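Look at the two complexes coming up: chain A is in both, with chain B in one and chain C in the other.
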Partner chain A sequence: MIEQVLVEDFNKNLTLISNFVAQNSNFIKKEILINGKVSAYVLFIDGLADKNYVEEAIIKPFLYKVDIDITKEEDLYEVSKKYLFVSSFRLNNNAKDVGAELLSGKTVIIVNGIKSAMILDTINPKYRDIQESTSEKSILGTRESFTENINLNLTLIQRKIKSPSLKIERFVVGEKTRTECALVYLEDVIDKELLNTIKSRVLTVKAPAMLTTGVFEQFIERRPFNLFPQAKNTERPDKVVFDLLEGKAAIFIAESPSVLVVPASFIEFFQGFEDYSERIIISNFSRITRFLAVITVLILGPIYLTLLLYNAELFPYQLMKVIIDSRKGIPLPPFLEILAMELCIEILREGGVRLPNPVGTTLAIVGGIVIGDAATKANIVSHATLFVVAITVVSTFLIPNYQMALSIRFLRFPMLILAQMFGFYGILIGFYILLVALVKLDSFGIPYFSPMAPSRFKDFGDVFVRSNIRKVFNEPVSLKPSLSRRNKNE
Partner chain B sequence: MNKNNTITRNQYFFVIQSAMIGIGVISLAAGVTKKAQQSGWIAIIIAGIYPILCVILSYEIYKNLNFIEYTQASEQLFGKFLTKIFTVLFSINFLFLEGAVISGLANELTFSTIKFLSPYVVVFLTSLLIYYNSVDGLKIVARLSELVFYLTIFIFLIPIYFINKGDVTNILPVVNNYGSLFTAIPTTFFAYSGVELSIAIVPLITNKMGAKGAGIAACIFTTILYTFITLVTILYMGWKLTSQLQYPFLYLVATTEIAVISNFEPLFIFIWGNKIFQTAACMHFGATYFFSEATKIPYKKSCIISSIIVAVVGIFMIPEYKRSSLTDKVMPYLVGYIFIWLIAAYILSLYKKVKKNEK
Partner chain C sequence: MKSRRLILLLIFILFFTGCYNRVSIEKLSVIVGIGFDVGKDKKEIENVAEYLIFRGQREIDRGVSLEVGKTINEANSNRQLNLKKNYLLGTVRAYVISEERAKLGIKDIIDTCIRDQERNLNTIIVVSKGSCKDIFEQTPKEESTMADEVKELIEASYSSNFFTNNAGVKDLANMYYQEGRNIVIPAIEKKDSTIRIAGIAVFDKDKLKKIIPIEEAIYVNLLRNYDVKGNIALVMEDYKKAVDVECISKRKVYVDKVDGKLKYTIKLNIEGEIKLNTYNFDEENNVQKILDDIKIQLTNNLNENLNKIIERAKNDYEIDVFDIQKYAVAKYGRENEESIRESFKDCEIEVMVNTKISSTGRYK
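Take a look at the complex of A and B:
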């Protein structure tokens, strides 16, 4: 095992610390002589630390201003107080920890004759500026979205919640990446039992690397093979603030522009942030439209298939005539016709996601209009089928959360297969399996279908429709497992 | 107490109404109008006393015994040997009821919307589905009951559409023959069956205060729904046509033409189908619970065995005439058994309580 405790010899200390830092060209080891007598090393990684700031605020004062002899740890405090232009520093005598600090952009000073290293905060703040979210646009909400800088992201939250109960617990995940993470919650709002559950999973994550919130989510969820997201990813600080005020916790991962909110419930993935800014009736209309869109995505295609294949008698006569006319000369059976169109749309969508914006738009036009038109003119698909598939695809765009939209979109295919095999009964069992699967799921001990199942009538003010904003801002009972337990034992 | 088998007071309401409302929605009107003609709906109200008595007696029995679980309570009241027999009988009761519900669904679906599919396939798939639903215990069954309850409200809404279209002379005179009202009551037993689940689940309620009220509310809700549907069916079609049909309410919903889907039938079957799955799941929990208690086989394993038995029972009840004749014959005995058990258990529990208080 590599020795980790620092000693008095600063050359030995440099070797010890170097064991934990990659020996690349940007690892700067600047030897200096303090007050003309004491030797020391200034260590930092150029790029991660701000080189100009290190030179101006640390090296210059050490070389030209420090006029005391540094022989013990207390002298370092004296130097910090009198000469250095840094707001905070700390001492550490563990070489591994010091190495980790260097890798996170801090500057380390090791002085000959002192057993501890001086760690100064010099992280290079150069990151992408705060920009508007591209995946979660809002009309009335804030234009800010998170960046890759975890400190800036936390500041965005602190700026919005000026409460002493806002807690930020920092931790590191990833044996190789040593990614800085933070768990954020409102201490006086979050349920203690829920917080313990979250902490027990979040703070114990062991992973070789941690790159994004999506990866982190998979490390902390209980059912990785379940189709539905068990935590909510968002790029928007206002959404996180709203969730924190409800009694949830947020997980920030360094270098990731999105934040993970836990726990998550099924219903909230369909609630847009604008719902709370708009007039009650208008926002409820939008919300109901969204739920109808989900039902459309799931069952419109299968119902159309069933009616064509097995239950033509259920079409009113006039409609039947139109459909028969549109299907004349179509060689493909309805199932393959719908499946082919659905797959075609998926291919176009997947292609569009990876392409730059202008090219993506071109792809959408070529795909949506040209291919669609060509397919109907070539008698490969009927106009009616194209219409049904197009409505289904447009409906998927109404789901505000990207991950949930992907899950719902995927479900079209098993539903379609069930409808082909068992007709109306297939749709029925598909829908029921979905309900059972959702009801069985939980997110950090909170039932996924809450507040509907189990019913928490107090929270019904913000489910399929939202009531008065005063009621919406009440802390949801469904996020308080300890409170529910107390009520049960009455 | 197994954590997966505990429910809240509200969930008790949802489970009880869920266990009852099922096949009866579409077929009950036929049975009661055969005996009581246009007064059939009154017979349903009178028969509504049965489920209410069931939930009250179940609650009182367990209250007298400090809400100990079923097997323990039964052993205290009847001894080990009789408990074994009673538990097996309860399990048979639920297996039979669930089999009848599943085969009822299969018969109805293959009669109306999925004529191309074999009813045996429907029975098999439904049994699998019910297994998936109930394998994790009462908690999941109860949560799903809550969700599906909101769909039940739509079952209420469909007949509202027909109120205006009916002819009031179809339900007049309100009572023709008082005797026929009572002869129609046994035909409602199957529609109200499932309420016996309260015998198993009352001790599993975590907040007992108000649980009796929740059970009674579930029974009243069910009675109102059945009465309303039957009344509207008679109002719209008259008792003669109603009594001749196998599924009068289904016939009713299929009579109106609406855009795109032609009539209410597919919409109704979609809602009602979910409801039937839930009814079967509640009964499956009851069957598995008693089976597990009787055989001491763990719940999850019992769930597999009872699913297989239910599938076999369901297959035996195809086609519909077999199912209805069998349920007509068996139901009075099952109801009789349950009623006797409840009354005997109540008297014994009361005796025990008094004796304990004297000590």
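Take a look at the complex of A and C:
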């Protein structure tokens, strides 16, 4: 066990603290002489702390301005009051803590003869500027998106909610990374029971490292093998604010430009944030289009396959003529034909995700137009199948949430296999399993399929269609487990 | 553990079951029209089928095959002996029953069309004067197949001559099974290397009783159908002095017993729009006078023709073609159905025509 408590000898203190800080070249140990008599060390890590600021606001006053002898801790307070250009300052005598503070970008001063170290806030604020979100575009909403700076991210929320009940609980996760995290909620809105559930899972996370919100999500969710996202990742502060006002909690992770909102329900992944700023009828129209798109993604391919294989007589007559004609001479059976096309599209999509923009466009053109055209001309794929697959792919882009879009996109493969094996019956089985999985799932004690199951009619103002905005801003009953009938009876 | 076993079991079920041996759509033969006929000895039935042949590159041909069998489905099985592809019955666009076959009875056709769930209930069904082969072996002029032509012909007829749009298999079944009703379906004939509507075929139970020619069928339609459209021409001297009224008719039927005899009252509400008027149109004439005049003419014309057709139905067809006996059965009980059917000759049928001219077109 390494000794942790600081002593009077400042050289020994330096060794103690150095045990907890990696000895890299940017670990600056500057020795100074205060008032010509007392020796001291100014410790900071260049880059994490702002070097110019440390020199101007700390070292310079110590060298030129301080004219008192520092012999005890009170003198340090005196110095901070009279000479230092730093707003936040505290004393600590635990070498491990001091080491951690150094690693987070603070400056430490150890003075000979004093058992405590002076910790000054000099964190280098150089981060990426606030930019417009690239993955969640906004037309009418705010242009701001979160950055890697957790403090700035929290400020973005505080700027939008000026309520005394906005609580920010900070905690640290990751034994090695010591990542700073924050749990944010509105104390007077969030349900107490829900908050307890969230806290019990979030504040007790034990992980060797914490990198992004996506990783954090997997540490706090209950069903890691379920297909559906059980928490919502977002890059946009206005979305977080809206969720906080509904009674949810947000988890901020340092160095991660997205925020995790818990709990999540299935339906909210299909509600675009723009829906609330547009006219009721227009936004409902687009919302219904979105739901149709989801259904299209899931069943258009399987239904097409079923009709081709098992229930050809259900095709409208004229369409049947066209389809038979287009399938004449296609070597692949319908299932393999659709599957091949779908896989092809997935390969193109996966290839396009990480490509720089100009190359991505080329890929889209080559993949979408050239390959599609070549495949139909070579009589490998029929026009009708290409059309169906293309419609399915375009429909996936209508799902506003990226994670949910991935889940839904994946689901079309099992549905296709079921359709191939059992026809319409298979599609029904698929839907049934899907529904059971959705109803059975919960996110932090909140049923995932709420407010449909269990039915909370008060919340129906914002489900498949949204009603008047006044009703939308009501706090949803489904997010209040302590109000549920079952709990009341107990 | 239990759930794992269950999942394993499900996976096994999933991969070792399924609908195998199904052929995909392009390997099927699409039958578009079926004709029901009888052989010369009237013992075996003949089935004519018209099917599509896909040659690729948007080229679609048609073929006609005739099969003989003791029953409809035996004939179908025989067809598979020389047809190189499996076929679907759900794609049939039109059934055509030959006059000969209809006279012998169509009970089997009705039964199999309803029972066999592969067949579509909305398929058009008609009677043809002459054999079905004559109909299907013609070269289609406007559509790609003769079955399509039959279907289009019947569907186009809805907008004129007071035909109703109930010419599907399920309407036929309704007419057959519902109490106090008789089957009445459109009849077509081959004429000048194409087909045309020849009138309506009236059945007694499942046997064809008579094909009413189109001239009379118009008035029969007017009396039997609800909410139908047709043109009534009022010719005073010749075409230079005539009025055309496009009428939409709505009927109501009342039944009563007078002196122990059934009395049917058919109330027809005719709403007409003048489409042609060379009879009394003059800009200086009073509009109301013109209208009143036409109204009287129209009422008289309808009264005369309808009463004539009623007399003809009673004496010549000897069967309820107006679909009115169902009201009597409803009123006097299903146990009296037989006597109601038999009393058609002696019953009294009164027509009350109420006409209204709703529009005179662009001219006032």
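By our rule, the second predicted complex is superposed on the first by the 485 of 490 C-alpha atoms of A that agree within 3 Å, B and C clash if a C-alpha of one lies under 4 Å from a C-alpha of the other, contacts with A are read in each partner's own complex, and residues count from 1 in each chain.
Everything below uses one rule, namely that a contact is a pair of C-beta atoms (placed from the backbone, for glycine too) under 8 Å apart; a residue touches a chain by one contact, two chains touch by 3 or more.
Just so it is clear, the model here is predicted, and its values are computed rather than measured.
After lining up the shared chain so the two structures overlap, which partner does A:E313 touch, if you call chain B first and chain C second: first, second, both or neither?
Once the two structures are laid over each other on A, A:E313 reaches both partners.
Is A:A453 in contact with chain B, with chain C, with both, or with neither (first, second, both, neither)?
It touches chain B, and chain C stays clear.
Does the superposition put A:F171 against chain B (first), chain C (second), both, or neither?
Neither partner.
In the superposed arrangement, does A:R327 touch chain B (first), chain C (second), both or neither?
second
In this superposition, which partner touches a larger number of chain A residues, chain B or chain C?
When the residues of chain A touched by each partner are counted, B comes out ahead.
Once the shared chain is lined up, is A:F424 touching chain B (first), chain C (second), both, or neither of them?
first
Under the stated touch criterion, which partner chain does A:F27 make contact with: chain B (first), chain C (second), both, or neither?
neither
May I ask you to decide whether A:L435 touches chain B, chain C, both, or neither, giving the answer as first, second, both or neither?
After superposition on chain A, A:L435 lies in contact with chain B alone.
Residues of chain A that sit at the chain B interface in one complex and at the chain C interface in the other, please.
Residues 307, 310, 313-315, 422-423 of chain A touch both chain B and chain C.
Spell out the residues on chain B that touch chain A in their complex, using ranges where they run on.
On the chain B side, the touching residues are 8, 10-11, 14, 109, 113-117, 121-122, 125-126, 129, 132-133, 136, 140, 142-144, 146-148, 150, 206-207, 209, 257, 259-263, 265-266, 269-270, 273-274, 277.
Could you pull out which chain C residues touch chain A in their complex?
So the residues of chain C in touch with chain A come to 14, 17-19, 22, 24-26, 28, 30, 32, 52, 54-58, 60, 88-91, 93, 118, 120.
Within their complex, state which residues of chain A touch chain B.
Going by the criterion above, the answer is residues 303, 307, 310-311, 313-316, 319, 422-425, 427-429, 431-433, 435-436, 439-440, 447, 449, 452-455, 487-490.
Can you name the residues of chain A that touch chain C in the complex?
Listed in rising order, the residues are 307-310, 312-315, 317, 320-321, 323-325, 327-330, 333-334, 420-423.
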